[in-house]
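Each in structure tokens, the structures are laid out below.
Here subunit A shows up in two complexes: once beside subunit B, once beside subunit C.
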Partner chain A sequence: MERILFYILALIIVIFAIAAVSSRKMLRSVIYLLFVLCSIAGLYFLIDYNFLAAIQLTVYAGGIIVLIIFSVLLVHHIELELELAKPLKQIITALACLVGIGVILTTIYSYDFKVIENDTAITTADVGSKLLSYDQGGFILPFEVISVVLLAAMIGAIIIAKGKQVEKHENKRIE
Partner chain B sequence: MGSEAIIVFFLAGVVLVAGSNFLSNLISHKSDNAQKREPYESGMKTIGPTWVQFKVGYYLFAILFLIFDVEVAFLVPWAVVFQDFGGVAFIEIIIFLFILGLGLLYAWKKGALKWE
Partner chain C sequence: MSIIEMVLIALVYLGIFSVAGLFLVLLERRVAAWFQLRIGPNRVGFQGLLQTMADALKLVSKELTGTEKADKFLYNLAPYFVIITALMALGVIPFTKDFQAFDINIGIFFLIAISSIGVIGILLGGWASNNKFALIGAMRSGVQTISYELSVGLSLLTMILLTRSLQLSEIVEVQKNGWLIVQGHIPAIIAFMVFMIAGTAETNRAPFDMVEAESELGAGFHTEYSGMKFAYFFLAEFINMFLIAAIATTVFFGAWLSPFGITESIPWLGVFWFLLKTLILVFLMMWFRWTFPRLRVDQLLTLEWKYLLPINLVNIVIMAFVVWQNLIIQF
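Up next, the complex of A and B:
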């Protein structure tokens, strides 16, 4: 039964991934990408990674997609469709894609996968106790460093988006 | 139960949506003309392109939202084990929130939260 669920999700992922790269309208590509990310969250639920699935839904499907939609809407001529590439380019791209698929498939089929039965699901409580413990094997220092990384990202975003206004302020001060 | 229920739910959803679309397509009266495909603008003829470029302010708010979104993602596992750890966890999360609060303070100070 879970196998059927996996194939449904995999089918949705493959179909919408192809739709996302082949759609010639930007906003539609983004929405197809949203479906792909939601289906990946479904895969995580399927293997009992509930916390990771929740993160996938809130951060990727909820946050990153909103960011991409806004950056698409910032583009000047959004109503224009993507131009079709020249035939020579299309052939070269198709060849490159086929070579890529070939490399990946030969790697997958030549590798000897070992199936390990794993019944212990990682719960949110496990993640939390690992994050907060300061004993051996705890992640309290990375946990606190994450906030510094987020702070740096926030300051960087503000400086990039507000760059001109900040410069004006400083010029006024110099004058 | 479990995965069977999800598959039944999925199929029911597909059948309901596709079925109602198909039925309404089958039964409904169809009329098509050029005016019908125009974007609606209070009954007037649309002037100029209907796509407008968004202000960069939206992007800034989206980035700030994303950062606090990630913060919430780290607050959830903390909240789950908070009672087991007690006071230490409280101090740890206060440090975490304080450092992020500095970012919010910076955004406030630089006027990033102001709508222009």
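Up next, the complex of A and C:
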């Protein structure tokens, strides 16, 4: 049962990943990408890691894809189609992709996977206490670093959005 | 659980909630009529009970039209996004102790995750119909949902501080010593008010119906939809309203628990209590709709970012203090 589900999800991921890069209509590629991301969430559900699955849905499907769609709506007209790249570029990209696939496949096949007989699902409480623990194996430092980075990004966004107003204030001060 | 069992449960849920959605439409029309001193639909069936059924049959039999240069694939896909996410979210709602399809340990978080996908359907529908009004409606909806999702999430997070669990069955279990709105008193009441405001906004209902503001945009993002595809959007709106009310019932008002445990010995009455509380909250949302005038776009964003969000953040700190000092009221 789970094996069948895995193959179905994997098939969806592969098909829509190819469709996402080969479609010449921008919004359609975004939707294909959405299907890929949702199927990845499905994989997480399959291995009983519900928390990560929900994160995948909220952050990628609900957040990033909505933002991408939003920007596409702003710049893209319904009749436009993306241009085909020049042959030379196509060949270079294909080579780069092949190298990438090669690297990933060799890593996967050289790694010695161990099957862990562990049926207990990881609860959100575990994730939370691990994130805030400062003992061995705790994640408090990366957690705090990411918070600071996000804060900086938010302040930066506000400064950019307010742009001219901030400059005016500074000019006044100089005068 | 076998596959056949799962499929059967899914079909039962589909059947119950598509009919329940239709009756919510009827309820809305009767309530609207009552607020406007009219009678409302009262001819088809006893007191108009079959009116929306007849409407649904009419919608099924109608021709499906579309615009000339629409992106057909996305145009047809959009309604399903909206209706499927709405129906998926219903699976985790605890109607009684046993009447809950999917008791996942991230319950509330799953609800938030699923509801954040629904907006994609609206954005797609608006863009793919190749119509200016639909596009503007869709853009507004995107802005609105992204903003108000924050408040919905944060107000529920405030309550999670009390329950210490995301699982809905455990949230109900905690409330056996008093509903959370009583246990958490002041911060819980603030969280409830924020949740109802943000929830109404997330379902795109008046006074937050910028998405389809009739006087400005025709019908907004679903201007170009007809027949069954329009019905999907319409039904999804009502199921979403039911969902918001059901989440509020579960998190604030003890879900299927009876007041003071008066019918604790008869567990199946839980459905009755759950539906009663939910319908009262649904009525509250209808009351909003027919009382308040529509907000402008800038007022909408001011309300969220300058009022609700700061209130919410302060409220979480207050709730944390209440939980820390153990100022919870329990019976």
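The definition used in the following text is that the second predicted complex is superposed on the first by the 103 of 175 C-alpha atoms of A that agree within 3 Å, B and C clash if a C-alpha of one lies under 4 Å from a C-alpha of the other, contacts with A are read in each partner's own complex, and residues count from 1 in each chain.
Criterion: a residue touches a chain if its C-beta (ideal position, glycine included) is under 8 Å from a C-beta of that chain, and two chains touch if they have at least 3 such contacts.
This structure is a prediction, so every number in the text was calculated from the model and none was measured.
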Once the structures are superposed on A, label A:Val66 by its partner contacts, choosing first (subunit B), second (subunit C), both or neither.
both
In the superposed model, which partner reaches more residues of subunit A, subunit B or subunit C?
B
First (subunit B), second (subunit C), both or neither touched by A:Thr124:
both
Have a look at where A:Ile31 lands relative to subunit B and subunit C in the superposition and call it first, second, both or neither.
second
Of the two partner chains, subunit B (first) and subunit C (second), which one does A:Leu57 touch, if any: first, second, both, or neither?
second
First (subunit B), second (subunit C), both or neither touched by A:Phe143:
first
Contact-wise, after the overlay, does A:Ile4 reach subunit B, subunit C, both or neither (first, second, both, neither)?
first
Taking the two structures together, which residues of subunit A meet both subunit B and subunit C?
1, 51, 54-55, 58, 62-63, 66-67, 70, 73-74, 78-79, 124-125
Along subunit B, where are the residues that touch subunit A in the complex?
2-4, 6-7, 10, 49-51, 53-54, 56, 58-60, 62-67, 69-74, 76-82, 84-85, 88-89, 92, 95-97, 99-100, 102-104, 106-107, 110-112
Applying the document's contact rule, which stretches of subunit A touch subunit B when the two form their complex?
1-2, 4-5, 8, 46, 51, 54-55, 58-59, 62-64, 66-67, 70-71, 73-79, 124-125, 127-129, 131-134, 140, 143-144, 146-148, 150-151, 153-155, 157-158, 161-162, 165-166
In their shared complex, subunit C is touched by residues of subunit A numbered 1, 25, 27-28, 31, 34, 38, 50-51, 54-55, 57-58, 61-63, 65-67, 69-70, 72-74, 78-79, 121, 123-125
Under the touch definition given earlier, write down the residues of subunit C that touch subunit A in their complex.
3, 69-71, 73-74, 77, 104-106, 109-110, 112-114, 116-117, 119-120, 123-124, 126-128, 130, 135, 138-139, 142, 145-146, 149, 164-166
